[in-house]
Structure formats: C-alpha cells, structure tokens
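Across the two complexes that follow, chain A remains constant while its partner is chain B and subsequently chain C.
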Partner chain A sequence: MKNEHNDNPPVMKFGMAIDLDKCTGCGACMVACMSENNIPFKEDESDKLVSITWMRIFKLSNGKSFPDTDICYLPRPCQHCEGHGGHSPCVSVCPATATDYSRETGIVSQIVTRCFGCRYCMGACPYHARYFNWWDPVWPDGMEKYLSPNVSPRMRGVVEKCSFCFHRYQLAKNKAYLDGERRVPEEAYQTACTQACPAGAIVFGDLNNPEHQVHQIVKPDPKHGGRSQNPRAFRLLERLGTNTKVYYLSSREWVRRSGDNYLEHEKTGQASQPHH
Partner chain B sequence: MKVDRRSFLSFVIGGAAGTALSPLPWKLMDDSSIWSQMWPWTPVPPDGEVVYEDSTCTLCPGGCGISVRKVDNRAVKIEGKQGHPINDGGICILGLSGLQMLYGPTRVKSPMKRIGERGDGQWQKISWDEAIAILTEKLIDIRDKGEAHTVAAIAGSDSGTVPALIQRFMTAYGSPNFMRTPSGRDADELAVNTLFGNQGRTGFDVENADYILSFGSGIVDGWGSPVRMFRASSLWKDKKTTVVQVEPRLSNSAAKATRWVPVNPGTEADLALGIAAVMVSRNMIDTGAVSGLSSWKSDLLANYATEKVSQTTGVAAEVIAELAKGFAGANRPLALCGRGKAQTAGSLRDIAAVYALNALAGNINQEGGMWPIPEADYIQWRDVATDNLASAGLSQPRIDGAGAGKYAQTRYLASRLADAVNGNGPYPLQVLLVASANPCHDLPDTQRVKEAFARIPFIVSFSSFHDETAAMADLLMPDHVYLERYEDVPVDAGLTQQMIGLSRPVVSPQFNTRHLGETLISAAKAMGEPMADAFPWDDYETCLEETLAEKWDTLMEDGVWVQADIDPVGDRLQLAGMDADAVQAEGDVNSFPLLLLPYDTIRLTSGYIGEAPFMIKTVADTVIKGNDGFVEVNPQTARAAGLGQGDMATLTTPRGEAQVRVHLFEGIQPGVLAMARGLGHTAYDAFLAGKGVNINTLIGPVEDPSSGHDAAWGIRATLSKA
Partner chain C sequence: MSTLDEKAKEGMDDHATHGSDGKQSGAGGFIILFFIIGFAASMVLGWVIFPKLLYSQKQQPFSFNHALHVEEVDDGCESCHFFREDGSFSGTPKLAQCTECHEEPMGDTEDEAIFVEQYVTMEREVPWLSYSRQPDCVFFSHAAHVIGAKMDCVVCHGHIGESEESRPYEYNRITTYSRDIWGHNIAGFAKNSWDRMKMDDCARCHKEAGVIHTSSVQTERDACFVCHK
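Showing the complex of A and B:
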C-alpha cells in the first residue's frame, strides 16, 4: 500500500514565465488563444470591457515625455492564483463551484456549464482575466467550420477565462498514459500562446519540476509564497498574496514597478508574505 | 370538503415551506440554467479524426511553414511548423488568422460578371466556361486590332510560377505592361543593380550580426520575413547584441532596441552619411569592399560634416560620433533600411547610403553581414515565340514609364499607374488584370487610383476576396486561397539563402473557385495559336512539377527547399547614387505645419490581404474606437491645437481630409503625427469595412528623381478641432 502511495504522480504546478524584454506586443498569443479556444468575435470589438480575450496584451509606458519615453507590452492570461493553499480570489467566491483550484495541476478551472452568470468571480479577480458572455456567440455563415471540438463554444450568460489550454493537458495525459509514462513530458503539454509566440517570450511548464525550463528561470521560493528568486522576475500585484503562477521578467526597473502599486520609497522585489 | 380560510392558508404556507425544503427549487434552477445554455444555435463542433497537414503560408512574403490541424475534413487551427528553417514553430497573428479567410464570408464564391453600375456590388454568377469566354473574346478582339499593349496586369509578386505565368501570358499576348505592386524590393533590386552592377537582391545575416543599426526598419513590426525577425530579435536579447533604432517615432521596434535614436522624419539617409563621414574621416573603414572611394570621399566630408548632419537630423553631434564608433568598432556590424515593413519603394539615396555604410564596415558577403545575391532562377521555360501582333505590342513603351529613358534601370512603377491612366500615359488602357493585389486600397492617393480604375473599360479581378479592387471589376475569376492550392513560394525577404516553400492543398476548394495558374493556362489555350503554344502544360500541377524538376520530391517531402551556399552577384560596392537631394514631404510648410507619417504594425496587414476579425479584435482602442481611427499626436502639439485624448479632429493634407480621433502619445516628436497603415477598408465585411482611415487617401506618391519609385515617407498636414 505504501508503495502504491509513492507511485502517485507528483503534485504539479503549471505556470509561465513571460520575458517582457523579448515580448514585442505582436498579438500572436492573443490570436493563437482565440483560435485554439473557439473565442467568438463581434462586429465592434473596440469596447474592451466587453471584448473577450482570455489572453490580452497591455501596453505600459514609463510616463516620460519625448524623447525619454519607453513602452513595454505585457501579455496577461489568467494568473492561476494559488493564494494561500488554493484560496484563489475567484474560487473562494463562486457559489456554483464552476471554478475550482486543482491541487493536481495548480490550474484554476472554469466549467462553463456550471456557471450561472453571477459574475462574483469577475468582481473578485484583481487581474480582469475573466469575461462575461453578454451575447450568444455568432459566427458568420460558414466560419463555424473552423471550430475545434476540444473546447465547447460558450453561450450567453456565462463567465469564461484562460484555462492554460487544459484540454491540451488532458490529451497529453492520455497520450502519456498510453505510452506508459507516469509524467506528462514538458514538450507534450504547452499552451497555444506559448507555442505560437514568434519571439519565444513565453516559457510554460511545471514550476515544481526542477527539470522544467520554467522552474529554472523562475526559481520559485516555496517558503515565501512562491516568490521568484530571479532578480528580473516579478508577479502582478504580488503583495496581494494571490500567489500567481504567471511570472514576468524584465531588466527594466520601471517595468517591474508597473507590476504593483508601490509607494515612492518602496522598492520592488520585496515583501510577498502570504496574508493569514 | 369545505375550504375555509384557515385550511387554505395552511395548505399554501405548508406547501411553500415543503417545496422550499425539498430539492425542487434547486433542481429547477439548475435545470433552467442548463436548459438556457442548450440553445440549438450554439454550435457543437463535430468530433473526428485529428490530422496535421503541413504547407507554406503565402499571406505575406515571409514564407513560414505551417501545420494545419484538421478534424475530419475541417481545418480547425493553423500552427507554425516545428523545425522549419524560417519560423521553427513560431507564427504571426496574420498566419494564425488564415482560417477566417478560408471560411470567411468575404470569399468570392464563384466566377461572376458585373450587372449593375460599377461599385454597386451587383453580380451575376456565371460558369467558368462563360468567364473564360468573356475574357478571351475581349482579349482576342483587342489583340486583333493591334492594341495588345493596352492590356495591363498588376500582381503582388513577380517571382514563382504563378506570377511567371502571368508574365508569360502578357508576353505571348503582346503587352509590356506587367506590374508588381510597389514595395521595398523595388529599391533593393535597383540598389543592387546600381551599386554592385548586377541583377539581384540583398540578404542580411541578421542572426550572426553583433551590432544592428536600423534606419527605421520595423524589425518587430513586420519587416523582411516577420517571424524570422522576431526570432532574431530574441536571439539578440540572449546574445546581448546592441540594436540601435533610428526612427522619428517610438515604434515597437524602437522600444525593443537597446537604444532608440529619434531622428527628424525623412533624414535617415543624412544620418547614415553623417556616420559614414565620421568613419571615413577617422579612418575607421574597410576599403576592401568599396570602389570609387577617393572621389566620393571629398564630397562626403564636405557635405556631411557632423555639425551639419546634426542640424539636419536633430541627432546630437556626440550621438553621431558614438554611433559611428559603435558601428565601426563592432566585429560584425550590420545596417538595415526600409521604413516599417518597407511597403513603399523609397528613394535610391536612402537605400544606397545604408548599403554604403555596410560596405564601409566591411561586412559585404561576411558572416553577420549583407549579401548581394542572385534572384532565384529555377523557372526555366523555353522562350515565348511571339507573333507579329505580340512583337508590335511589346515594342510599345510601358504605360508606367519604367525601363526606359531616365528610369531605364527601373522594372516597375505601379505607383504611376493612376497618373498614366488619368491622362498622363502614352496611351489609354483597355483592360487591367489584377492578381493578388488590391491597388484600390494599397496604392497611394486612393481617390486618384479609383478615378483611374473608373476610366479603365474592363477590369478583371482574380482575387479570392471581395476587396476594394474586386468591387471596381467587371469580371471576377476567383483564385483558390492558399490552403486550397498548390504553389511554389520562393522566399526572398532578406534571407541569405535561396529558399522555396511549397503551398499545398490542406482542404478541398470550398467554393467554385479556380487556381489562377489553371485559369491562365485554359484562357491561353482557348485563345488558340500562338498563345496556346506558349502554354504547353495540361494543367497547373503539371507545370509546377515540371518546373521544379528535381526539387519537386524534396518539396513534397520537406515542404521547403534550401540552397545555402550561393555565389554573390558582387563583392565591391560602387560608391554612388547618394548625391541626389533628399526627397521632401509633399506640401507647403506654411499651410501645413505638421508632418503626417504612416506607421506599420504587425497586428494590421499590409498588402492585399484584409485584416481578419481576430486581428481587428487585438487592435487597441487607441487605434480604432467604434469606426473612428486615431492619429498619434505628441501632447504638446495636441495642446497647442486645443485637442485632448479621444477628441475628434480634422486631419488635412494636400491630398485629402479625414475625421480622426486624437491619441496622445509621448513617443512621437512634437509636430509629427502618425497613423497606422492598413485600415479604412470600404470593401470586405462588417468586421472590417469602415473601421479607421486609409492613410493612402491622405498621402500621394512622391517620385524619386533617380528611379521614379514612390519615395514618399510622409506628407505635410494640419490638425484642427472638428
């Protein structure tokens, strides 16, 4: 029995490291995501509050005037917060258990058929990573041909968000099982945005697995709520204690500073104690 | 039983309490939410066998390999092909959106002839036989009158078998008027010819360079082969390669560079020559790859002294010295040019100045350097036997004036087409054939282009989409889209190798369309001798397989054919072509105090493919809001005009006027405005049409005196409160 227990697959924590020095803001991740996950579109998508983009690129500026201006792009998928012991902001408010924290993968799931559209999770999410379907999706005649059977098209009245392409994990897991492997190999499970990024700015993998590139880049410190030990790395609103699994890398101080609300005297890279 | 008040209330309250305590309300709520999510109109994508099929993307000149995921017979996702020499798994936003074009509502679904007024969009479906008959009768009629030269063709490319078939068709028919849509390739070919004395193009070994000096090239905005350049940009980050971006506006490429050097618009060549002058005067040059230095040197030093260049360009003298030192001192320096995606030709002076810098740095045909190499020559068909009618037509001057007189070295001048048709040409055009080009949106001064098109009696569009040019046509003979057809894709786009990709059908044709190669072969055959004789192939596939000969098997197996070791067409650059005056922006400084520049972004397409809905969805609300387009303005300039963020303003240039919204952007020089290229479509569908302003309606061509190419880099403008 003991041996059987040891044979259980190790606990994984899938996460991302996005190198903002490399990100060009080209938008390939956004469209790779839309295409992979059957995300609909409307005639006017310029009202960004109601434009569904699981992956969205934000443009940051250092606020200086010409010619000292600098800009940086920041791609924002769902941050897959772990909080303290799986206590993600959205998971803890969902009355329908439509969203849940997986202790096996660290992925925050979204089961759209359970969602009844109360949108508490949207209010709770500090990252605006969740989107509500105000309308039924409509594809122009003929275009529904490209819809993928791996991800159900959503309907009016439910909330949706980035799943770290969970269906790809399921496929990779099945394949690993058939191949007689206990673990899903690193390259067998990659999100659509990671795969598409022409700049190679996104690295995805298991943060718990020292062999995975993402672990080697991020060097998460489990004693300090998963804080990165890489001086270039930061997380968004890290001091909220959301313990997110998307890490950003930048060599520019002003970019790292944009990741949180700092007082003038405060330095970046400090204080990420989980709140109790 | 008598129902009194007491028992009635007991029954109702008891029933309510009982129901509330039972699972019924919860079950009903659950059921209703499930039921309300099961609308029959929410599509349920059918499952099936999953396969991947590889092909080559042709949506831009980049030549990326793609893997298309299919479920049964439906293509559901386009991904970058792993291990491909150009993109190795990476892919751009346009390539990812390809299925929206394949299955989209803007496809031309059958051959059609116009029945209403031009531009009314009233079409009648016809058969392919009828379409071929209409075209060939028209062409035979004109040819028999000895007016073969009054037929012209415009295409997006002149390399590969399909453009070669168009050119062959024109030659056999007897017209000298084959045109390629303008791009930086025009200037590059001319520069190689002028500076190295041979026909060819340049390749840039960007991956191995260790100091990049880019004169406005949109390295991560779609210049060259876009995904290759994205990968190079990341490689430079890893290798800590210095990248200097010289540009008036903080583009994404400038933001990614190690250093952004803002420069006065249109003075990039002056800065390049100023840097060259510093290198020459301090003897920091390699003389091995240049000729004519001694006579050129004195002019250079006299005209491009650092102080003077600093004044022209707005770049501080010490910065010029630093750039010269950095560039000349690097092991493998490389200078790039062609503004943005290099969508306009640009002047010979601009390009020659930068190529001279490369030669002075000694990087010609070196690792990490610039390589003047020959064009692909795998298409070896026997010469066309022209009859008298054809020879007579071919001896006529070209309608655009290219290849003769002072523009003898210039191949194509499509930017002069409108002017020629509007009365300044040697003869009127009777027929225009348009393939993989959308001149009614993409050529500068759109109004004049549309006027010209209205004057051409008969226009045939081979476009797969209802684009602006198809809207002006009389006959639509829609081509398959790239995912439905075979085609060789020779990739030049700055590569140092010769590379040919193969596009192959991933799905069967969705509509009643026909491969353009097939259309041309069958039209030629229908026209009888001598046209038929020039097209001996049974069909396009036979033609393609015969042409590619021994490469065919490699292409079928690997999808790409690469030749790495190529003999360059020259190794010494003749220092010349830089003495012309700088091309100025059109317009009077006093009436138009501001400068309007187009800018390129990878999220918007260039060339003849319109943006897919996915792409438009990624565009920021500071570029399009509703249907309004934005112009970028420095806050200081905006304040002077009394304008704030999002305000409506009237943007006026000598060529036109548009209503735009103001976007305050600190990354642009005061006095300069910038607007995205690729918007303002009038055709296509509701997902694209009417959004933003087509900057080509505000900018006209400015001729480069040395080549006739369109060298406009901007135009003078005013901005006032609407």
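Showing the complex of A and C:
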C-alpha cells in the first residue's frame, strides 16, 4: 500500500495581510469567526475575563485632541508565529503537545482534546490570542443545531484559539483530491473573516506562493525573518522575533508605530538596540 | 525501612505456617478450589458481564441486505456511497437516493415493506445508526484515502458489502461512541484491519504505508491537525 506521496508535501505558509486603512471596525470578521468556529458566547460578553474571541478588534488612537485626533481599528486573530524553525512562543511551552507548529502549512494548531488547561501557552503568547474555557459552552435551546459540524466544540478546562479556519483547508483538500490536484487553489481555502470583511481589508493565502495575492502584497523577506518589504507593512511586536504570519498595512506612521513598543528616540521599524 | 522488612518477613513466615497447616489439614484443596472459582468468576465478569454493562444495543430501523443491493448495482459501493462534487463523502444514503429505485416495493420482504410504508410514502428520512461514526474531534477524509491512497473500502469497513442483514448497533454507554471504534473484542485485540477504528489503528496504517511526514515541530511526525479538528 505504498503510495507516491511518500515525500513531504509542498511547504506552504498561510498568512494574512490586513489593511488597517481599509478596516472600518464593523466587527463582521468577529461575528463570522464566532459562528464559523462554534465559539460559545457568554451571558455577559463584556466580561473579557471569560469571553472568547478568536478574532478581536482593538481600537487604537493617536492620543491627540481635536482636530488632530485619529483612530484605527486593528483586527487581531492568532498571529501564527513561526519564531525560528517553528518554535513559536506557545508551542515551545506546551507540555502536552496540544499545540503544534506545522511545517506543511505554517499553521499553529490547537488540539483541544490533548489540552489539559495548564495555560502556559496563554502566558507565553504576546498577543493575548489564546482563550481559556472557564465554563462548558452553553447555547440557547435549539441553537446547537446551527453549530458547524466541521469544528468540534470545546469543553471547559481547555485553551482554544484561531486556527486560520483549518477545517476549511481540510475540506478544500478533499476537493483537490477529487479534482486530482496536488495543491489547494488560492480561492478554495479562505478564512471566514476574510470572506466576511465588507471592506476587503483582509487578504489570506500562501505567503510562499508568489502567485498568491498575499505574497504580492507582503513580499516577505526570508533573509530577515520574513519581514515585509512593503513600506506600508508591519507586524505586531515584530522585534520580539516571533516571526508572525499576520501582516498589517497602513500608510499612517503612527499606526505602524503602535505595532511595537518603541523608545522615544527609536524610529518606527527600527530594530531594537541591545542594552549596554 | 527496617520495620517494613520485618513485616515482610513476618508475612512470609505466616504464609509458610499456613501453608504447612493447610497440608496437614487438607485445606489446600479448598484454597485451590476457591482460587479456580474466583478466577472463573472474574473471567466471566470481565469477558461477558462487563461488555454487557458497558455497551447498550439498538436495532436499525429495519434490516438492510447489502449483498442483495451490491448484486443489483453497477458501481459497487460507490453506487450509493459516493463523493459529492465538493469532495466530501456522502456516507449513508439519503431517502432521495433510495427512491430512485424504490418508489414502489421491488421485492416482497418484510423489511422493504416497512421501508416503503413508513419512510418512502411518509417522505421521512431513515434514521440509520452509523456503525463507523468517529468521535467529534476527528477529521477523516474519505477523499484522501479512497482517491488519494486508492484504498479499498474493506480495509476499514470490513466485508459489510456481503452482509445480508443489519446487525444490532452497539454503543458505549459512557462515551456514546459506536462499539466498532473500540472493536468488538473487549480486550481491544484486532486480527483484521477492519476490527477496530481507534487512533492507534490510523497511526499504525499510516506508518506501514510510509505516509508519516515530519511536518510537526513538536513530534517530528505528522502534525495532530492532519486528522483532528
């Protein structure tokens, strides 16, 4: 039963480019994400200690008063850090092999049935992208029939996070098998948030594939830890070396500057200097 | 430590004295008899009573004769269990498929009469119980295995195509999973590739087929996300 797929499959690196100048902060991506991934909502969703939002929109402000005031909305999914050789912050600390970095897709997975809820990963994640289930999910009567069968609901005591809608990749692969294709086409695998965004602010695809739009926008530089060669692009806390796969775009300098903790004398995008 | 040693020694001494007593009074025979009775009882408990307690049985809505249908159709299993256009697998057929042939009863069996009377004319879906339903956290791609790896249905599902009636559906009372996942043998032994459908079985076959990749950073094997969701 040996087959020809003995070698490792093509190396992909799925990532996102989010144009913050296009984002209006409408929240469609958050809603799409919650319904796509069977994310339970709590009685009081404003209690951020218990609410779960794989995709969350933050509001940034330049802190100036009228008429110079400016705001920006920043959608934050899991950043799917690659770090160096796949050692993303959460993967490095997981004692249960519940979270893992796939070299095949570049996706940081979370296998909730393996997770025992130690929450080291939540402490390690610099982006607060991970959420703990303090309670079993509860849906209003009858609503459990609306749950997606492609995503397994989580129980209390485990950590969960954005998976780049990995189940959609699995389904797209099914179709690729049927069509006799080796690779999943760009349009066949798109995340729920990408498709929901009315402004088209989110672009998703394979960062390794020059034919994909996301590669053309980001132009990642493999020599410099995947840093974007697009002057509009930045990554969150890039100087930590987390090597994330979610790139943000903005023409506004103050927005790009809010992506990291710069000292006053440091220029935006400048590498941090070692302490003396 | 020393007290423990002493105790152990005392125990051994006790045993020795009892043993010699038994020999003298003829109680040794009773001890062996009780041992055999106890052993037999525990065997019965483990192999017969425990599975009965653990598994509950349900009957299918009516008996289905696979052998009869396989003879009638042209395309083997895929005549009724086919791939949809999006690459997903249809699994158990829906009523609409059956009625393509079964608008009227075609034979004179009691089961078909039930089918036509209670489901076809009432336009109700048959609530089939799926023997091979995997737990919710499992993603299984029929396309990857049947089209990609060109595997035969029998490898996992056994010779169900030759069955002439539906066996009872058994499910674990605690997990509610079908008994076919753990396998019919309560000790978990499997002779054939279709006897069990546990994760170990998936992993064993993947290893034998040489499709283990090294995509996982943590394990240097296949990432969990390949088969989990």
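The definition used in the following text is that the second predicted complex is superposed on the first by the 262 of 276 C-alpha atoms of A that agree within 3 Å, B and C clash if a C-alpha of one lies under 4 Å from a C-alpha of the other, contacts with A are read in each partner's own complex, and residues count from 1 in each chain.
In the analysis below, a residue touches a chain if its C-beta (ideal position, glycine included) is under 8 Å from a C-beta of that chain, and two chains touch if they have at least 3 such contacts.
Here the structure is a predicted model, which means the values were calculated and not measured.
Novice: Report for A:C81: first if it touches chain B alone, second if chain C alone, otherwise both or neither.
Specialist: In the superposed model, A:C81 contacts neither chain B nor chain C.
Novice: Figure out whether A:V159 sits in contact with chain B (first) or chain C (second), or with both, or with neither.
Specialist: neither
Novice: Which partner chains sit in contact with A:Q195 here, chain B, chain C, both or neither? Use first/second/both/neither.
Specialist: first
Novice: Does the superposition put A:A233 against chain B (first), chain C (second), both, or neither?
Specialist: In the superposed model, A:A233 contacts neither chain B nor chain C.
Novice: Have a look at where A:T113 lands relative to chain B and chain C in the superposition and call it first, second, both or neither.
Specialist: Touch status of A:T113: both partners.
Novice: I'd like to know which partner A:L60 touches here: chain B for first, chain C for second, both or neither.
Specialist: Neither: A:L60 stays clear of chain B and chain C.
Novice: May I ask you to decide whether A:L207 touches chain B, chain C, both, or neither, giving the answer as first, second, both or neither?
Specialist: In the superposed model, A:L207 contacts neither chain B nor chain C.
Novice: Which touches a greater number of chain A residues, chain B or chain C?
Specialist: Partner with more touched residues of chain A: B.
Novice: Taking the superposition as given, does A:V184 touch the first partner, chain B, the second, chain C, both, or neither?
Specialist: neither
Novice: Pick out the shared contact residues on chain A: the ones touching chain B in one complex and chain C in the other.
Specialist: 112-113, 152-153
Novice: Give every residue of chain B touching chain A within the complex, in rising order.
Specialist: Residue positions touching the partner: 29, 33-34, 36-37, 39, 41-48, 69, 71, 74-80, 87, 89-93, 96-97, 99-100, 102-105, 220, 226-227, 230-231, 233-234, 237, 250, 252, 255-256, 260, 262, 510, 602-603, 613-621, 624-626, 634-636, 666-670, 685-687.
Novice: Help me check something: in the complex, which residues belonging to chain C touch chain A?
Specialist: Touch residues, chain C against chain A: 83, 85-88, 136-137, 139, 141-144, 147-151, 205, 208-211, 213-219, 223-225, 228-229.
Novice: Under the stated contact criterion, what part of chain A meets chain C in this complex?
Specialist: 1-3, 5-6, 8-9, 85-87, 91, 94, 97-98, 100-105, 107, 109, 111-114, 150-153, 163, 166-167, 170-171, 173-179
Novice: Which bits of chain A are touching chain B when the two form their complex?
Specialist: 19, 21-22, 24-28, 30-32, 34-36, 38, 41, 43-48, 51, 53, 57, 59, 61, 63-67, 69-73, 112-113, 116, 136-137, 139-149, 152-155, 157-158, 192, 195-201
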